[in-house]
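There are structures below to look over.
Next come two complexes built around chain A: one with chain B, the other with chain C.
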Partner chain A sequence: MSIDSPLATSGTEPTSSDEDTTVDASPRYSPTGVIAVGVVGLIIAALVPTLWGAVSSMGWPQWLEAVAIGLIFFPAAVGVYITFRVLDFPDLTVDGSFPAGGAVAAILITNEVPAWYSLPAAMLLGAALGVVTGCLHIYLRVNSLLASIITLTAAFTVNLRVQGSANISLLNSDRIFTPWLDPIKTQLESWFGASGVQVHRAVTTSAMTIIVVIVVVLALRWFFATEIGLGTRATGANREMSQSQAINTSRYLIGGVAVSNALVALSGALFVQHAGFADINSGSGLIVSGLAAVIIGEVLFGGKARSVVAKFIAVGLGMIAYRVAIALALNADLRFPGTDGFRLEASDIKLATAAVVVAMLAVPRIRESRDERSRRRART
Partner chain B sequence: MSTTRNDTPKLAVEKCSITFNAGQHNEVRALDSISLRIARSEHVVIVGSNGAGKSTLLNLVCGRFLPDTGRILIDGEAVTDQAEHQRARRIGRVFQDPLAGTAGTMTIEENLALAERRSTGRRFRRIRRTQTEHHREQLARLGLGLEERLSNQVDSLSGGQRQALALLMASISKPDLLVLDEHTAALDPGAAERVLRLTNELVAEEGLTTLMITHNMEHAVSTGDRTVMMHRGSVLFDLSGDERTKMTVTDLVERFRSLGGVVSDRAALG
Partner chain C sequence: MACTNHFDTSNAETGGGSAARVQRHRSGRLRLVAVVAVLTMVLAACGGSDDAGSEESGDDTSSVDTEVAGDEVVTATIGIASIAPVAALELVNDGFAEGMDECSAVDATLDYRNAEGDGSQLAPIVTSFLDADVDMILAISTPVLQATVAANEADGRGTPVLFGAVTDPFAAGAATSPDDKPEWLAGWQADAPVQGMFDIAAAINPDAATIGVAYDPSQVNSEVALAKMEAEAEARGWTVETATIGDSSEVGTAANSLATRDIDFFFVPTDSILVNGLGGMVQVADDFDIPMIAQDSGITQAGAAIGTGLDYFGDGKRNADYACQILSGTATPADFPITQFSDELIRYSSSAAEAQGFTIPDVVVDAGEDIG
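Up next, the complex of A and B:
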């Protein structure tokens, strides 16, 4: 990179933005802009009744369930943020460390180990997978994506060995949520009458998971306020400079990827305890939903966030928003003319998520090329 | 070492050679058994045409490249086999690219806090918050108003400001050796002049042993107290004292030509 203009190096714009492309395009009244605004407007107008239908058809249990799942995935979203943004190391290992966390938790819990111990144990296996990916990248110079795919493939076997079978049920074992189910159910019934019955599971999970999330956020706040935490951020921000500042970037990168995967495994361990079963394939697509949470969190909550921890919280909230959006989409009743109703199935979510991530990633790129075009116009 | 501490050179490069792409058709002997000794508090300026091996020498000193033969000593201690990050504890380095020496997504204060721990190592220990006043004073010395922008991201600074900050970071924990890799070459003339003046001030105040590369023949004789001309991976001539004081840019170029060097337009024009 060469700096030819004296005033170069004004910072690049952060990807999180407060405006939408369509809004951006309109002031110039270019024909494409008008058409784009029109098309987007029509789509939104067409979706409003559907969305409204979805919102109104969702009862308390579904809303609360979406929030509970979002909270469970909060640490995973932060983990993805740490690799993707802080370390600038796109890492797909998370798809393997999520079921790994689940497998460890499931096997410990079905063997009557106290449920809380399953969380740190799950994090250890997640961290180990992160270390493997990091070492493949650092010592064998394997590209980060390829390194993580290799680990992910190997992790499948490890997870299956840990778990013993592709599925195990935890319904008859003591999970971290079970001791609180009855007291919370009683309490809810005393407040709201019998309607408390359907929501007590989601409420219990949310309450317990919030505690875990608070501990995680406090721990990360401490870590990133230490010299080593600062060194970790520097490693991601500028590896060359970090080495010249006496940072062993290899070790810091491996450590950072380990922390990230430990967080994802923690989510996995929480998830199996909420769902009541562990499934070897549960991690598939986690990276994309993690990215969706990162992007949604940055756009909705993190625009002005300065500190790393504020960004972690924004991304975690982004995950909750994402889970709520999924619940809405699953409840939406899309009636296209000529069909007798079209409902999104749970299996359609991945395509939808991928589309959302692509759209969000495209926004800064589109804006860039449009700015480039207008600069070119201005010159001629 | 039999010599007394004060006679020990701060930096000694002993007969170091580096060959890139050895055995291939594009083999390059970047450094050819080069030796260089720099005394305590000496400010050495290295000049030479493109491909003379200046940058390779700096990368060798900093540990990014390892020599095929020869050894490197800092303060009498062999560091030849130390990795870059290990050596960096004793070396402050400023790169040519103003983006390279600072972390753009971190604040000015965080960058300084990072540099402060270069020589001591890092632990699971809170970053000292009491340093703010100290940081302000340090930044005020740059005279760029950065002391009022401690919590700004470094991304928002101009190239010259970033390079000044990188310079401060490199010299912040009194390194055994300050290494400057054409650190003004990418800046506009005004900023380059400012950064060079700051360099001279910092080096003089702290008595830093400095190894500086430049393309600029004017700087080669006006800055520092010793000029080393490199050519084809070794030292062509080495000027200091009176001989150097009398030297003008024209003399320097003339001498370089007479010894078989080819001066690029860029170097001659400064």
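Up next, the complex of A and C:
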């Protein structure tokens, strides 16, 4: 094929494809593709009434609770995004930073410290754990995953010492939401009656967490435009190139992991104040739900996102979408014809999350190989 | 710099040959030193505990000599292990300690260890008891019983084992029937009945017909409790709505889901994950005005309005009674078949009841204790 082949093929293709469709399957639609679409279509057709049933049986309390939890985990999703995508450093420490944040918040709040101080304090402990992981990786040359697992294991002991006991109740202490609960409850009750009371906690948490999230996103926007922030992004993009540009990649990697874990600890501190208790064994599996949120956010909302901060927001929205999806899944009463109907158990969500992560990871791969195939076909 | 090294490999090998060999020797020696150091530490730890044990028994015999002797007082060490710092299990320990205090024939040193919810810690704890030659082990809760039976059977010395707060020792594999059990095993079965919970619910709301239960399906005792509740509900024509949780952080969402299904009561089984996260359910119960009735009186501390269950303190004291007889030599564990004890204990919280939108019925006020 000569230089003007692209023009030539586009000029001649319509006629050749017409001939092709009369002779054999059009090169655009492969048989496996059709079958796959058909199967997916059948599954969707079977699930639509179930999904509709799930959506319609979800009450306002459940929607708003899912949104509130999604907002609480917004900083955690951003934290996972920073290590996983920006720094290209898979970091399991988050499973330990989340209860660490909760432990700090719990111990401070039950000791009459004003609740707002618990948030930066929690972030400090999270950052400390991130520094440990980073140092293990940089100075002892431990593989990133192993370094984060070591810190995660140590974090269990640290958290237990910080918290004092394995479980603390915060119901009778002053949390950041406490001063706003009663006014909002009265207001919602006057508007909506009993349902207003039922949702007032979720509404209060959502409202205050949005404020925290906005502050955090603005702070990150400022940070990633500074020299340190840009250096961190460069470190993640190409470590060798950054080193040759005299960027201190070690320090920026450690700093980046510290920032990420500080954000996860912030989520932990917010969560224990919403839930009303701190449990030392919470937070396991956070990395997977964080990854799911990152990937859902990138696929669903990340298309238009150009700047780093826009990606943060996309990832956070992905977390909210993920939590809403979980609430739907747990609420759905799957009724296949001829069966009694069954409910998904909470333990099934873990497999479903893993499947979603795999599916979302596969989408760009499939797109790539499809583009590759069509490019190859165009050349021949 | 990296490029030049690449081309110089041959020189590096020959030039650094002897240096490399010395390095290898040094690293090998370092490894040997590390291994010896670790072994020494391990031996010291084991040896240390033995020394402590002999020191303790030395002190004890001296104290016995100074005591005025009518009957000879037996000294003994009892190892107590619990799976988690949950109220019901702590009560067994407290009851046992009080019972041993009252036992004048035995001067017991109690060594209490808690696995803090981590099941993998149980085998090391029990092994350390056996290595320290304890005279008896008290296993509090089913997983501890299973670990103790396994370790004791492997050990072969037949150290007496008692158990408390075990819902079903037969399903747990410790014994096949009340009399068909290892000769060193004895204890009280704590199978908490659920009829009381339903009676109280009916007293609060005669029109009630639906209960909501959140539980962790990975816990055997929760599955057992749920099965009992479903059986009792079916007998009364009630419906049971369930929601599963994997983690204490999911309790709030599960409670929310149950609350939107028009339930009249939350029934709280003795599920340690649920109780750890009960704060999430308490907030939902307050918002939706749904009373929480728990399968154990200790759960009122965590926020349930009414808790009716077994008297775990009594469970501990009954085991202390056994221990007293076994250690002083008047009986052996084989003399005691596994019996179900049924002392019930009701506790309620009037403040929680107010928040959950109902008044405590008289039948509970008369039989129970207000914790506030």
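Here are a few things to note about the model shown:
Keep this in mind: the second predicted complex is superposed on the first by the 333 of 380 C-alpha atoms of A that agree within 3 Å, B and C clash if a C-alpha of one lies under 4 Å from a C-alpha of the other, contacts with A are read in each partner's own complex, and residues count from 1 in each chain.
Convention: a contact is a pair of C-beta atoms (placed from the backbone, for glycine too) under 8 Å apart; a residue touches a chain by one contact, two chains touch by 3 or more.
Quick caveat: nothing in here was measured; it's all calculated off a predicted structure.
Contact with chain C, but none with chain B, is seen for A:G59 once the two complexes are overlaid on the shared chain.
Of the two partner chains placed around the shared chain by superposition, neither chain B nor chain C is touched by A:P364. Judged by the touch definition given at the top, the superposed model places A:P90 against neither chain B nor chain C. After overlaying the two complexes on the shared chain, residue contacts for A:N238 are found with chain B alone; chain C is out of touch.
Contacts of A:I69 after superposition on the shared chain: chain C is touched, whereas chain B is not.
Put simply, chain A uses no single residue to touch chain B in one complex and chain C in the other. Contact residues of chain A toward chain B in the complex are 1-3, 5-12, 223, 225-228, 230-231, 233-234, 237-238, 240-249, 306.
The part of chain C that touches chain A in the complex is made up of residues 84-85, 116-117, 217-218, 243-254, 256-257, 259-260, 276-280, 282-283, 287-288, 302-303.
Looking at the complex, you find that chain A touches chain C at residues 57-59, 61-62, 65-66, 69, 160, 165-167, 169-171, 197-198, 200-201, 271, 274-277, 279-285, 326-327, 330-331, 345-347, 349-350.
Partner chain A is touched in their complex by these residues of chain B: 62, 83-86, 88-89, 91, 93, 95, 97-106, 110, 113-115, 117-119, 121-127, 151, 153, 155-160, 162, 169-170, 186-188, 190-191.
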